[in-house]
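Heads up, the next two complexes both have chain A, just with different partners, chain B and then chain C.
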Partner chain A sequence: MADLPGHTTEFQNVTMRNLLSNSKVLKLATLCLLLSSATAIAQRDIEFHNDIVPLFTRFGCNAGACHGAAVGRGDFKLSLFGSDPDSDYDSVVRHLRGRRINIATPEESLLLLKPTEQVAHGGGTRFDIDSDPVSLIAEWIRNGALHTTSRQFTGILVTPTTYHAKTVGDTTAVKVTATYSDGSKRDVTSSTVLIAEDNTGVEIHHESATIEAKRRGRHIVIARYLTEVHPIEVIVPLTDARLRRSKSISSNFIDEQIQSRLKQLRLQASPQISDELYLRRATLDLTGRLPTAESLSQFVADDATDKRALLIQSLLESDGYVEYWTFKLAKLLRLRTQQHDQEGASVYNEWISEQLRNDAGYDEISRSLLVAEGDAHSNGPANFWRTTRTARDQAELASEIFMGSRLRCANCHNHPLDRWTQDDYHGLAAIFAKVEQGVIVQTKPNGRVIHPKYLEPAQPKVPGAQFVDDSDSNARMQFAQWLTDPNNPYFSKAIVNRIWKQLMGKGLVEPVDDFRSTNPATHPVLLDLLAKDFVDSGFSIKHTITRITESAAYARSADAIEANKFDDKYYSHAIKMPLEAEVLADAIADVTGIHEQYGEQPVGTRAISLLDPAVPSRTLQVLGRCDRSDSCESTADAIDGLSQKLHQFNGAMINDRISAPNSRLTQYILAGKPALEIIEAFYQVGLSRSMNDIERSYWKKLTVDLDTKVDTEHFLEDFVWSLLSSKEFGTKH
Partner chain B sequence: MNQSPKCTAMARRDFIRVGGLTALGVGPTAKMAAQTNNQQFKAVTERACILIGLAGGPSHIETFDPKPNAPVEVRGPMASIATALPGVRLCETLPATAKIMDRISIVRSVTSPLGEHNFGTHYMMTGYKPTPVLEYPAFGSTLAAVRPPEGVLPQHIAVPNFVGGVSGNGYLPSRTKPFGVGGDPRRPEFKVRDLDFYQGLDLARLGRRKQMLNAFDQFEREQDAASTESKNSELERAFNLIASKDAKAAFELSAESIETRQRYGMGDAIGQSCLLARRLVENGVPFVTVNNSGWDTHQNIVQLKERFPGDQNAKALAFDRAFSALVTDLDERGMLDSTLVIAMGEFGRTPKINVNGGRDHWPNVFSVALAGGGIKRGYIHGSSDTLAEYPAEDAMTPADLATTIYSLLGVNPSHELHPNDGRPVRVAPDTAHAIDALIS
Partner chain C sequence: MLNSRKDSTFVCWVICVLLVATSTTSTASAADSHISDIVFSPDGKQLIASSNEGLAIYRWPDLSLIKRISTESPHPTCLRFSPTQSYLAVGGGIPSESGKIEIFNWPTLTKTKTIMAHSDQIMSLAWRDNNTVITASLDHDIRVIDLQNGESKQLLQGHSRGVIDLCLINNRSTLVSGSLDQSIRVWDTNSGALQRTSSNHTHPVQAVAVAPSMDGLPLMASASDDRTIRIWQPTIGRLVRFIRLETTPLDIDWIDSKTIAASCKDGKVHLIDTLELEVLATHEAINGWAFCIACHPTLDGIAVAGERGQIKRITLDSETTNRE
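Showing the complex of A and B:
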C-alpha cells in the first residue's frame, strides 16, 4: 500500500477546520495572553519533545494529509501526530543539510518561514509571524535547537472523562494535564486538540476548550496531546420523560448495568417477551434454527418456573448448538476451502465442533490455533495457518480475531487513535514469519519480515509488551500465553463482545473488531464484568451464553414503545436483526420442507454446515452470504434490494419449493386440512406463534371467497410466499 | 507530491459555471431552477451519465498517456499512434479512440494517494477517501437521492454488477443502491434475470402476494413504535418493474441489430455492457455504471493488446471498440451532449515495467477519459511528467473529478445530504473544486 488508508481524513478535516478558526483567534489574542504563556515557558528550557512537537500536532503539521503521511510532504517528513519525536528531531535539525534551522538568525529558519508563509508553503499559513508558536520555536533555535530533555512525558490526565449534560446546549470546560517522569505536571489544555467524532452531536469551542452538547444521546470527543489520545464521553438524556420506577426484575449484574445506563438516558424499557417469542429467539441464537411446532406447544404448556433456564441448558447440550456455533466460529476464523482442498477444511471444521461439544475453554482453543503445527489434513487447527498467505496478513487476522484490534493501521505508521506502534505490528508479523504457512505447517527459523522504517528485519515482539529473542523459534507460544493470560486486557473482552452481539444484536463495542481507547464501550463496566465472569468460568462460551440469556435485557420485547423509540443501542428494547443468509436459507428449507442442494453435497446439508462458503447458490447469493475471503463484519458486497425482491417474486428460491411434490404445503393439502388450519400451522412453524384475532379475521375473510380446489391451492401458495417474504419471518426479534 | 493541492481546507469553490449559469443543487433548490425557466438548466438537470469502471487499474501508459520518448523500461513494449487531435498521441491499443480524439477530453494528471484496490475504488467512485466512520455513496446513488424518481426503471443501474468493495449507496437509503443486472452480457441469450414471471404465475398472483406481504408487515409494524411508516418500497419497485413491459424492454439487448451489437464488440462483455447502458440511458435511466474487471496487469503488459496471435478481444482493444462505439453512437443519436461518458480505473500503474513484464499499482498519476455531457471536445487537461510518475501540470484529485462530475450533472457539490444519524455531509468534499477548463 502506497500510503495511509484514508481513514484519518475525517479526522483531519475536522482538525483543519479547527485550525482555521484558531489561527484567527490567535491573531486576535491579546498581547497579555501571549506574554503570559511565553514567559511561563521561558522560565525553563524549551524542550523539543515537550514543547515543539506538540505544536506540530496542534497546528496539523504532522497530520496524515500533510507531513505526517508515510512518505511525508514536500520532502519533509514528520511522524504521524508526533509519535516518534526522535526521528522528527532528525527531520527538523539534520535533514536537508540542516537548512530547516538557522541558529544565527532563528527567524530565517525554514521551519518558521514555511508555516508563516514567508516562502511558498503547500500547506498555507499555519500561524502568524508574531504569534506565540513562532516566538517559542525561535527561542528554542536560539538556544541551540537542542535535543536534550530533562523530563520524560508520561501521559495526560483529562477531565472530565464523562460529561453528563442535562440538556442540549449545556457546556463544560475540558482540562488536560500532562505528567512527566520527574513527577511534575503541566496544564497543556491549550496545546491539546479536541475532536468530536460526530460534530453534529458535540460542538467544540477551541478558544475556551469547552464542549457543547448539540444532540441527545451519547457522543465521544477525543482529546489528543502528543501521542496520547483519550476519549471524553458526553451524555445527554434521550428523553425528558420521568421514568416510572420499574420493578427490579433481576439481580443479574448485566441488568444492573443496563438499567443504570437507561436511567442516565431516561429511557423506559419495553416489556418482557412471551414464552413463544423467548423460545424462538433462544432457539435461533443457540442453534440457528426455528423451533419446531412440537417444541413450541411443549414449551408453552410447561408450568415449570425455571423453564427458560432449562430450555437454554437443553439447547446448549443439543447438536444444533454445536453445528451453529461451529458455523459462527468458522465465520470468525474465515474457515473456507483452500484451493479446492475440502479435506483440510473438513478436519478443521470437525475440530472446532469437537471443542464446542466439550465446551473447551476459549483460551485453550485459541492457544491450539496459535501454536498449531503439522499436517493440515490431519491436524485441524493447523489450518488456521492457511487462512492467509503472509505473516503480515496473519498478524492482522490474529489481532482482529483475538484482540478485536485493527493492528493493521500500524503497518505504515503508529496507530493514530490507539497505542499500537509499527514495532508492534511488524513485531507480531516477525513472530508469525517463523511459521511455514502451507499444508504442512512447521517452524521456519529463518523467516523474517522487514520493518519498513529501519529497512531491517523486524524484531519479534508481543504487541504492546516484550520483545522476543529472534532465535526463539517458539515465539508463537509466548504470544499465545500472553494473549490468553487471564489478565490480558483484550482477549476475553473481544470474545464476550462477539457473544454479546450474537445474542443482543449489537456489540458493546462496535465494530466488534475495532477495540481501542478512543472507541469506548457503550457499557464499559458491563464489558469488564462480562470478561471477568468469562475468565472466572474457565473461558467457557456456554457459561457466558447462559449468563446473558438469563438476563431481563435478553428477554425484552423487540417492539419499541413511545418512550424508547429513539434508542438503538442501549437495550431498552431488543434489536430486530435480519437472519443471517445461511440461517434464513435453512429456515426457508425447514418451513417449506424442501432443501436446496448445494454443489455436490448430499441433499439435506444445511447451509450453515457448508465447508465451502462460496459454493454456487443463487439463494445464498440473494440472501447476502459472506464468502469469508475477508472479514465478515462488512456487508459491502450484499446484493441490492431490487434484485433481491425480483428474485423473491420470479426466482426459484421460494417458488421452486412452495408447491413441490413433497413440500409441507402439498402434504397439508393432500391430508385435506382446511385452509385456515393450514395457515395456522404455517404461523406455528414459520413465526413460532399462533394467529392473533386481527390476523385470524383477516385471513378468514380472504379464504371465504375461494371457490375451487385450484383457487384454494393458489391462494395458499401465495400465502406461504408472503409469509416467507415477511419481515417477521426474516428477522430475529 | 508537490503538485498535490493544499492539505488545508482553504481553497473553496463550490459553484462552477456551466454553460453560463451556476449549477444548482437539486432538491430544495429545484424550485429556484424552475423559476429561472432556463432551457440550459433543464438540460443540465436532465443529463445522464455512463461511467465505465475499469476495475483493477488500467495502465495509463498503455492507454491514454504513452511516453514514446521515455527509456524503454518506462515506455514499455508498445508503440504510440497519432490521433485526430494534432500533436496528441495515444497508445497503439486505442486505434478507434484515436480517431475520435477530437470528440473527447482526457485528464492526464489525476493523482491519488491510495494504491489499494478497494480504497482507490472508494475514492474514485465517491470522491471521498474511505473512512471507518462513514461509507460514502457513489455518484449514481447521490444522483438517485437528489433527483426526483421518474418512471419505473431503477435510477442507478450497474452492468453487470457493482464491485470494488463499495456498496454503492454508502450512507444513503438502500433504494439508491445500484441495481445489478447480473449475468454475462456476452452470451447471445443474455437476459436480465428475474424480470419474467415464474412459470404458472401472472401479474394478478404477484399482486395478491404483494398485498398479503404488506398485510404481514403491517401487522408487525403496528406493534412497534420505532417502525417507520414507509411501505416496502423496494417490493413496490420490483413489482412495478415486472408489471411494465415497456420498462423491461429497455433491458432487451436482442432488440438491437446485429450490426450495432458488432459495432460495440459482439464477444466483449464491455461492449455489450456499454450498449445496454446506452439503451438504459435512452429509456430515462440517469446513471449507469459499467463494470469491467481484469485490468490488474501485474504480469506481461502486452496481454492488454494481445493474449495470443490474432487476438481481437484483448482488454484494451475491447475497451477501445466499446468506448469509441458508445461515444459515436450517442453523438449520432444526438444524445452525447446530454450524456456524460467517463472511463476510469482506481489508479494507474508503475512507470517502470516490473520483472514479470507487467506493471504494479501506481496512484500518483493516471488518466481519465471523458466525453459528452458538457465536456469539451478534443481537449487534453493536465499532464504527467516525462516518466509518467507524477503530475507535471494541473494536478487533479479524485475529489476534484467528483466535484466536476456532480456539477455537470446539475448537483451542487456543497449540497448537504444526511446519513441515518442526521449529520450533514456534503455531496463532494469541501476541499475540492470543479475543473472549469474541462467544460465546454
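Showing the complex of A and C:
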C-alpha cells in the first residue's frame, strides 16, 4: 500500500447509520445507569433457560410470526415458543461468532439494541430501555452469558384451571407457579403468556394477569410458560334462565355428563324427536341411506317400548351398516386406488367390510394395518402402507388417524401447543421408514429418515414414549402394541370422538384430528367415560354406536328453543348436518328412482360403495366429495356450498331425473296415483315422514285446482324438485 | 478463513503429514469475550486475536499475552495481513449498523485508516493488492475497496443472505464467497462479474479456504452447517469430493495441499485427508464453539480459538514430510 493517510474516511454512496445520534447516546447512558443499578437482580444467578427464554416468549420474540418461524427472521432463529432452549442459546450467544452479545460492553449487545429499537428492528419495540427485562438480560450478559442451569424446569401449576364466572364482566386472577427438579417453586405469572382463543369471549389484562369474561359461553385461555401450555376453561352461563327440571329419559352416563354441562351453562334441552325422525336419523347415521316407506310405516306402527333399541340392533346387523361404515373407515384411512390399481383397493375395501361385519375390535383392526406385510393384492391391510409415499407422510397419517394428533406440527420444530417433539415425529417416521411401501409391502432393514436437527438418521421412537432399538425389525409391532394398549391415552379417545361426531354432528374434540392439551374436549369426563366403555367392550365400534344412539342426547330435536338457541356445541339440541356428498347423491337417486352411472361401475352402484373417490361424476364433484388424498375432515363447506345449491336448483342433477321415463314420479303417474297420494309417497321416501295436517291441507288445496294431466305432471315435477331442494331433505336433523 | 501465508510458500509442496500423534501444548485465556478470528504474524512469532475487547497479541508458541490494542469496532470479526505484510486489516463493525475496516501498521500496530464500508458487520476480508481490500458483510454485499480514497470500486451483489467468508484464487483475480444463503459464488475481481454459483451445500456456508498452490486448476474447500467439507475446483464449478463430519465445522485452514484442519462446534479440531476423505485425527481443543483456526506459517502447530477467550495450540507431530 503506497500511502495510507491517517484519517477516517466514509463512503458517500453507502447509507450508514453508524454514528450514534444524540438521542441514542442518551438512551445508552440511561441503559448504563440502569445496568449499574441492577445489582438486585444479580443477587441470584440468572439462568438462560429459566430467566431469559421466558422473556422471549413473554414478549413474542420466539412466536411463529417472528424469530420463532421455521427459518427465523433476519437471520436470527429462535425455537418456537422456547421449545429448544439449547439451540436458542447457540443462536443468542454463539451464532455468527457471538454477534448478538457483547460481554465486554453488555449495553451494546444486539440482543438489547434490537428489542429496545436503538437500532432498527422489524419487530418494533419489545421492551422499554428502562424495563426489567433489559436489566435482566444485560446482567446475564455481564455475568458471562452463561449456559449453566442449577435446576431443571419440570412444569407449571396454573390456577384456576376452570373459572365459573357468574356473568359477563366478572374477572379472576391467574397464578402460574413453576416447579423445578430440586423441589423448588417460583411464581412465574409475570413471565407467563396468557392467550385467549377467542378475544371476543375473554379479555386478558396482562399487567395484572387477570382474565375477564366478555361473552357468554365456554372459552379457553392458554397459559404458556417455556415449553408448558395449559388451558384455563372460562364458563359463563349462556342464559340467566332458571332451568326447568326435565324428566330423565335415560340413565346413560352420556346423558349425565351432557346434562351436567347444560346445567353449568344454564341451557334447557330441546325435546325428544318423534319416532319418524329417530328412524330417519338412525338410518342415515348407521347405513347412510334414507329409510324406506315400508320401514317407516312399520316402525311408526310398532308399539314396543324398546323399538328404538331394536331398530339400532337391526341396523347394525344390516348390510347397509357394513357398506356405510366401510365407506366411513375408507375415508378415514384415505383408501383410494393407487396408480389405477383397482385390485389392491378392492381387496383393502373388502377386508374393512369383513372387519365391520364381524365387529372386529378396533384395536385388532389397527394392529393389522400397522404390522401388515405381503402382497397388497391379496392382503387387504397391506394397502395401508400404500396410502402415502414417504415414511414421514405415513407417520403423519398414522398419528392423525389413530391418535387424533397432528404430529406433523413437530416436523420442523417441537409442537408449539402440545407435547410432541421433533424426536417423536422423526422417531415414528424412522419406524415406518423400515417398511417398503409398494405392491409388496415388506421390511426394509436399511430404511431411515434423517433428523433435520441433527442431520443424522433419526432414532426410531414411539411418540411420547420410549426409543426403539434401531436394529429392531419389530419396531412397528412395538408401536402398534403401545398404541392399542387399553391404557393408551390417545387411541380410544380418538376413535370414540370420531364415532361421536358421526352421530352427534360435532366432536367432543374439534377438529377430531387435533387432540392436544390446549384444545380440551367440551366434555372431558364424557370423553374419558366413552373411551373406557369402548375399551371395556373390546374396542367394539358397534357397542359405542349403540351406547350413543340409546342416549337421550342423541334423540334430541334439532330445533333449538328459546332457551338454547345460542348453543352450538353442548348438545342441548341436535345439530343439523348437511348430508355427505355420497349420501346425498344416493338419497337423490333413491327418491327419484334414477341412479347415476359412475364410470364403468354397473348402474345402481351406490356412491358410498365406490372404491375410487376420483371416479368421474359431475354430481359428486359438485356435491363436494372428498378425494381422500388428504384428510376428509373439512368438507362441510364444500357440501353446503353455493355451487352445490346452484347445481341442485338449476342443473341436470335433479331436474333431468324427476321427469325421466322410468323415474319414481313417472311410474306413479303412469300407475294413475292421485296427486295427493304421490305427494304423500314422496314425503315418506324423501323426508321420512307423513305430511302433517297443515301440509296436507296446503297441498290438497293446490292439487284440486289442477285442470289437465299436463298441469298435474308439471305441478308434481315442481313439487318433487322443491322437496329435493329443501333443507329438510338435504340435512340430517 | 485464514491464509496469511504467501502462496509461493506452498508452491510445489507435497506434504504427506501423518498426524497420528499430535498433542496440545498450550492454552491461553484472554477474556470472557468470544475470540472471533486469529491470524499469525508474518514471521510466525506472534498470534493476533480479535474479540469484543479489541485485538490481543500473543507470543507464539507459549501464548503469553504481549499487549492489547483497542479497535473502533465493538465487534472486530476478521483479520488479514496485506500481501507485503506491512499492514493488518481488521474487519468488523456494529451489528446491524455498520461494517468497518481498520488498517493497522505492522508491527507498530498504529492505526492508519478507518473506512466505513457496509451497513452491517464485515465478516471476512481479503487483500487483492496492497491498495485494495475486498470485504464481505452480513448486509449481503461484497465490496472492493480502494484504500487510497476509501471508496468502493465495485459492489458485488447476488447473495441473498449475509456473506460469511471470502478467499482469492487465480493470482487474486478470482474471488470465492460463501454465504448464509447456502451458496458459494465465484466472481471476477477485475470486472466484478459473477462467474458461477454453486448450491451444493444444504445449510449456510461458514468458511471457504483456498488450497496451497499446486499444478492444475485451483482447489478450495468450503465448510458448512450441513456438516460437510466440500472440495471444489471453483474456476470450472466442479465439486470434486466431500466429507461429512460428525459435528459442524466453523472454520477451516489448509495444512498442506491435501490436509485440512477444521475447528468445530464441539470445540474439537479435526484433521482431514481430503484425498482419502477420512478424518486423520481429532483433538479436544476448547470448551464450546471453536470459531476460528489458523495453521502456523511454518507448520509449528495450529492455533484454535473460540468461546470466552479460549485459545489453544495444537502441535502437529509429522512422521513424514516431503517437500520438493
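To be clear about the criterion, the second predicted complex is superposed on the first by the 677 of 733 C-alpha atoms of A that agree within 3 Å, B and C clash if a C-alpha of one lies under 4 Å from a C-alpha of the other, contacts with A are read in each partner's own complex, and residues count from 1 in each chain.
Quick note on the criterion: a contact is a pair of C-beta atoms (placed from the backbone, for glycine too) under 8 Å apart; a residue touches a chain by one contact, two chains touch by 3 or more.
This is a predicted model, so every value here is computed, not measured.
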Inset, instruction - Could you tell me if A:Glu207 is touching chain B, chain C, both of them or neither one (first, second, both, neither)? - result: neither
Inset, instruction - Name the contact category of A:Asp469: first (chain B only), second (chain C only), both, or neither. - result: neither
Inset, instruction - Specify the partner with more touching residues on chain A, choosing between chain B and chain C. - result: B
Inset, instruction - Tell me which partner A:Asp306 touches in the superposition: chain B (first), chain C (second), both or neither. - result: neither
Inset, instruction - Report for A:Asp485: first if it touches chain B alone, second if chain C alone, otherwise both or neither. - result: neither
Inset, instruction - Tell me which partner A:Asp514 touches in the superposition: chain B (first), chain C (second), both or neither. - result: first
Inset, instruction - Check whether A:Arg215 is in contact with chain B, with chain C, with both or with neither, and answer first, second, both or neither. - result: first
Inset, instruction - May I ask you to decide whether A:His647 touches chain B, chain C, both, or neither, giving the answer as first, second, both or neither? - result: first
Inset, instruction - Tell me which partner A:Ala69 touches in the superposition: chain B (first), chain C (second), both or neither. - result: first
Legend entry - Residues of chain A that lie at the interface with chain B and also at the interface with chain C: 1-13, 16-17
Legend entry - Complex interface listing, chain A residues touching chain B: 1-13, 16-17, 19-20, 60, 63, 65-66, 69, 71, 73-74, 122-124, 197-201, 215, 511, 514, 558-562, 564-566, 568, 573, 634-652, 655, 692, 694-695, 698, 702, 714-715, 718-719, 721-723, 725-729
Inset, instruction - Using the touch rule from the top, collect the residues of chain A that touch chain C in their complex. - result: 1-18, 75, 90, 94, 96-100, 102-105, 108, 110, 113-114, 119-120, 144, 455
Inset, instruction - Using the touch definition up top, name the residues of chain C that touch chain A in the complex. - result: 31-34, 36-37, 51-53, 74-75, 77, 82, 84, 86-87, 93-98, 100, 103, 111-119, 121, 123, 130-131, 138, 147-152, 161-162, 164, 180, 226-227, 265, 288-289, 291-292, 307-308
Inset, instruction - Using the touch rule from the top, collect the residues of chain B that touch chain A in their complex. - result: 1-2, 4, 6-10, 113-116, 119, 123, 128-135, 154, 162, 165-168, 174-175, 177-180, 182, 193-198, 201, 205-206, 208-210, 212-213, 215-217, 219-220, 223-227, 234-235, 237-239, 241-242, 361-364, 421-424, 429-431
